[in-house]
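Just below sit the structures, each encoded as C-alpha cells.
Both complexes below contain subunit A, partnered by subunit B and then by subunit C.
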Partner chain A sequence: MSTFTILYFAACSSYTSRLYEALPAPLPISKLYSVLEEKYAGITEKVLGSCLVTVNLEYVDITGGDGHDMIQGEVVIQPGDEVAIIPPVSSG
Partner chain B sequence: MASDNANLTELATVNNFLTSGTRPAFGIPKPIITVGLTTSPLSITTVLENVKDPGAGAIVFFAGTTRDNFDNRPVSHLTYSAYPPLTLRTMSSIAASMVEKHKLTAISLIHRLGEVPIGEESILVAVAAPHRKAAWRAGEECLEVVKEKVEIWKKEEFADGEGVWRENRAGFVAEEGVVPGDLPKAPATDTTS
Partner chain C sequence: MPPPPTLSKDEYKRYGRQMIVPSIGLPGQLQLKDAAVLIVGAGGLGCPAAAYLAGTGVGILGICDGDVVETSNLHRQIAHTTSRVGQSKTQSMTEYLTDINPHITYRSHTYHLTPGTAASTLGHYNLVLDCTDHPAVRYLISDTCVLLGKPLISASALRTEGQLLVLNNPPGKGACYRCIWPKPPPPESVLSCGEGGILGPVVGVMGVLMATEAIKLLTAQAKDNKLSGEVVEEENKRPIRTNMLLYSAYLNPSFRDLKLRGQKKGCIACDLEKREISLDKLSDGRLDYAAFCGTRKEDRVGEDERIEVGRYAEVRNQEHLLIDVRPEVEWGICNLAGAINIPIGQFMQSLPLPTPTEPLIGAVSLPSPPPPSWLPENHKTPIYIVCKRGNDSQVAVRHLKTYLASRQNGDGKVGGGIWDIKGGLVKWAWDVDASFPEY
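Now for the complex of A and B:
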C-alpha cells in the first residue's frame, strides 16, 4: 500500500504518543484532520485547531477540514510526501 | 513518558551542528547569513566572529537564556525540539529579510536544541551593520520575528516532574498534549513595515 509520512511535534506528539507514522496515500488535504480524528479521538479540538500543516516543507491551506467533498484544485497528499503538523511555536 | 523518549529520537537526527553557512576559509569572504541548530552549548565567540567585518561599525548581540521559573513556579530544565529542514529554512528566510530591510553586513542566528540547563543560552543572535541604529533595530526585530515564526518548541520541565509545552503567543500553556484550540492564530507579522 502506498503511504505518506506524517510528523508530529510538541503537544501534537504528546497527544499521539509518537513522532511520526505512515498513513495511506493519496489523501486530499481536506480529509487529513478527519483521518487523524478517527485515530486520535479529540485531537481536532484539543490540538489540531491551533496547528498549521506543511507538505514537503511548504505550508498548505487546510480548507474543508470536515472531511466533506473534495474541493476542486486542493492539495492532494501523494505517496512519499512528508506532511507535518506544526503546533504554535515557542523558540527563544 | 513516551513522548520524552520520542524527543530524544528526534534529536538524534539533528546531530551536532546544522548550518546554512560554511566556516570561512582563509581569504574567502564570510557568508552574510549564518544560521544553525545545535545540541551543544552555544559559543558566543563563534557567533560574534561570524558577523565581524571591517565594514561594520556596529554589532548588536543578543543572548536568550533559560529562566528558573515560570510565574514563580520552579523550572528544573527546558527541552527544545525542532523540525530541522523547515526550521533552518525559516531562520534563513528571516535572516535574509533582516539583511535586506536593515542593510546589514552580516547576521548570525543559532538556536540550541535538546535539554538546556537553567541559566544557559538557548538562542544567540548577532547582527552587524555599518552604523548602530540599524543594528539595534534589526537585532530587536529579528528576535520578535524568530519567536513568532521559527518552528522550535520549548518544553518546561517543572521541579515536580510535570512537563508543559510553551507557546510564545500570549503566554499560553499547552498542558501535556492539550493546546487551547479556540483561540485565533497570531496574525502574521509584516516584516516590511
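Now for the complex of A and C:
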C-alpha cells in the first residue's frame, strides 16, 4: 500500500505517543484531521486546533478559508510525501 | 544624531576573527556596535543568545527577566552558576556577560514584561529576542514589536525539540507571531520546561541560532539592503514568506527549514484594516493576553477530600492503596515504597465514564467493562493518590469518584475513602522525609 510519512511534533507527539508514522496515500488535505481524529480521539480539540501543517516542508492551509492566496486548489497528499503537524511551543 | 561608533584598539583585537569574515567586515562590526538588542527572558534561550551577542560586540544589550536563579535552571541556563542561586537572573547574567565583554552597555530590566511595561521597555531597542516561556507573553512581545516597528527573533524549546522564527522582518512586511499562530494552544496542552522537561543542549542550540539570526539581521541592512532570515523576493513582488527552523534532536534529519506563509490576511496585528491592537489599548490594559491564552481548567477537590502529607505518614502502616499518577519516567526517578504507578493518562483511560449522548446500538445496553484489576476488592481499603505537586492527583481523585458513582451495581463504594495527598511528593520531601529527592 502506498503511504506518506507524518511527523508529530511537541504536544502532538505526546498525544499520539510517537514521533512519526506512515498513513495511506493519496489523501486530500481536508481529510487529514478526520483521519487523525479517528486514530486519536480528541486530538482535534486538544492539539490540532492551534497547529500548523506542512507538506514537503511547505505550509498548507488546512482550513481552506483564511483568505490566503498561496495555495491554489486543494492539496492532495501523495505517496512518499512528508507531512508535519507542528503545535506552537512556548517554553524556553 | 550621535556620532557613528568607532572601535578602540582592544576592540579591533577582540572582534578581529569575526571582522575578517566577509559578511561582517568593519562596516558590519560598526553596525553591531551601533545596535541596541533586548533579550526578554534570561533562561535556557536567553543565556546562550546573550553570551554570543555580548561576545559579538553589540553596543547595548538589555536583559528583561523577573526571576531568580534556581538550582533546577543550572543544567541549561549557562550564564547562571551554583554560587549565584537566589540572585536575580538579570544581575547574575550581567555579571557573566561583563566578564565576557566589558565594552558593552548592559541594561537590566528586573521585572516580567506586562502589557503596561512592554512598549516602554522595547522602545529603547532596535531588535528584540523573545526567549520567554509562555504563550501570553509571546503574543504580547509580538504585538508590541508590530506596533513599534521592531523586528523580532522568536525561539522556543521543549524536551528534545526547538522552533525558530524571524518575525516582523522587515517591520510591517514580515509575518508576526499571530500570523503564524493565530490560535493559542489549549492551556491544558501548554507545558513549561519544569513540567515537560528540557534537554540543555537542545534549548542551547536554539539560543545560539537566535544570536546568529540577530547578527545577520543587524549587519544586513547596509551591505546589500537584503534582510536575512526570510526569502525576500523583490524581483517579482511576491509576498514575503517566513521560514521556521525546526529542530528535533531524535529525528533524522534533525533540522527542517519550513516555508511558512507571509502576513495573514485578517491578522488582528498586521492587517491594517483588521487591526485590533494599539499602543493605547496595550498601556491601559484593554488587551488581556492571559484571557486570550486561557487558563487551565482547575479540577480541584474539596479540602475534606485531601490529606496532609504528615497525616498520611501516620496512617502509612495501615492497610491502604497508594497510587502514584506521575509519568513512568518520573516514577523511575524516585517513588514511595508500597505505591503503584498508574500514569494519569492511563489512569483516566482505565476508568471509562459512560457517554449518555451516544445512541445505543439496537437499544441494547452494553454491560459496562469490569473495573480495573488494581481497584481493591475490599471496599473498606482507603485509596490515596499522589503526584509530584498535587495537581494531577486531584484530577485523579475527582475522576475515580465520578467513575465509581457511575457504576450501577454497587461495586462503586470505597468505604475507606479516596484521598488526595496534598502538595504531592514535593511536600512529602519538605515536611516528612528530607532525604526524599526533589527533582
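For the reader, a short list of remarks on this structure follows.
By our rule, the second predicted complex is superposed on the first by the 80 of 92 C-alpha atoms of A that agree within 3 Å, B and C clash if a C-alpha of one lies under 4 Å from a C-alpha of the other, contacts with A are read in each partner's own complex, and residues count from 1 in each chain.
Basically, a contact is a pair of C-beta atoms (placed from the backbone, for glycine too) under 8 Å apart; a residue touches a chain by one contact, two chains touch by 3 or more.
Keep in mind that what you see is a predicted model, and the values were worked out from it rather than measured.
Once the two complexes are overlaid on the shared chain, A:Arg18 sits against subunit B while remaining clear of subunit C. Once the two complexes are overlaid on the shared chain, A:Val89 sits against subunit B and subunit C alike. By the touch criterion stated above, A:Glu45 is placed in contact with subunit B and with subunit C alike. Once the two complexes are overlaid on the shared chain, A:Leu7 sits against subunit B and subunit C alike. Of the two partner chains, subunit B and subunit C are each touched by A:Thr54. 7, 9-11, 19, 45-47, 49-50, 52, 54, 57, 84, 86-92 are the residues of subunit A that lie in the contact sets of both subunit B and subunit C, per the superposition on chain A. Contact residues on subunit A toward subunit C in their complex (touch as defined above): 7, 9-11, 19-20, 45-47, 49-50, 52, 54, 57-59, 61, 66-68, 70, 84, 86-92. Contact residues of subunit C toward subunit A in the complex are 41, 43-46, 131-135, 138, 155-159, 161-163, 180-186, 188-193, 196, 198, 203, 206, 239, 241, 244, 246, 248, 250-251, 256-262, 264-266.
Note for the complex: subunit A touches subunit B at residues 7, 9-15, 17-19, 44-52, 54, 57, 84, 86-92.
Across the complex, subunit B meets subunit A through its residues 1-3, 6-7, 9-10, 64, 80-81, 83, 85-86, 89, 111, 122-123, 143, 146-155, 165-169, 172, 174, 176-183, 185-186.
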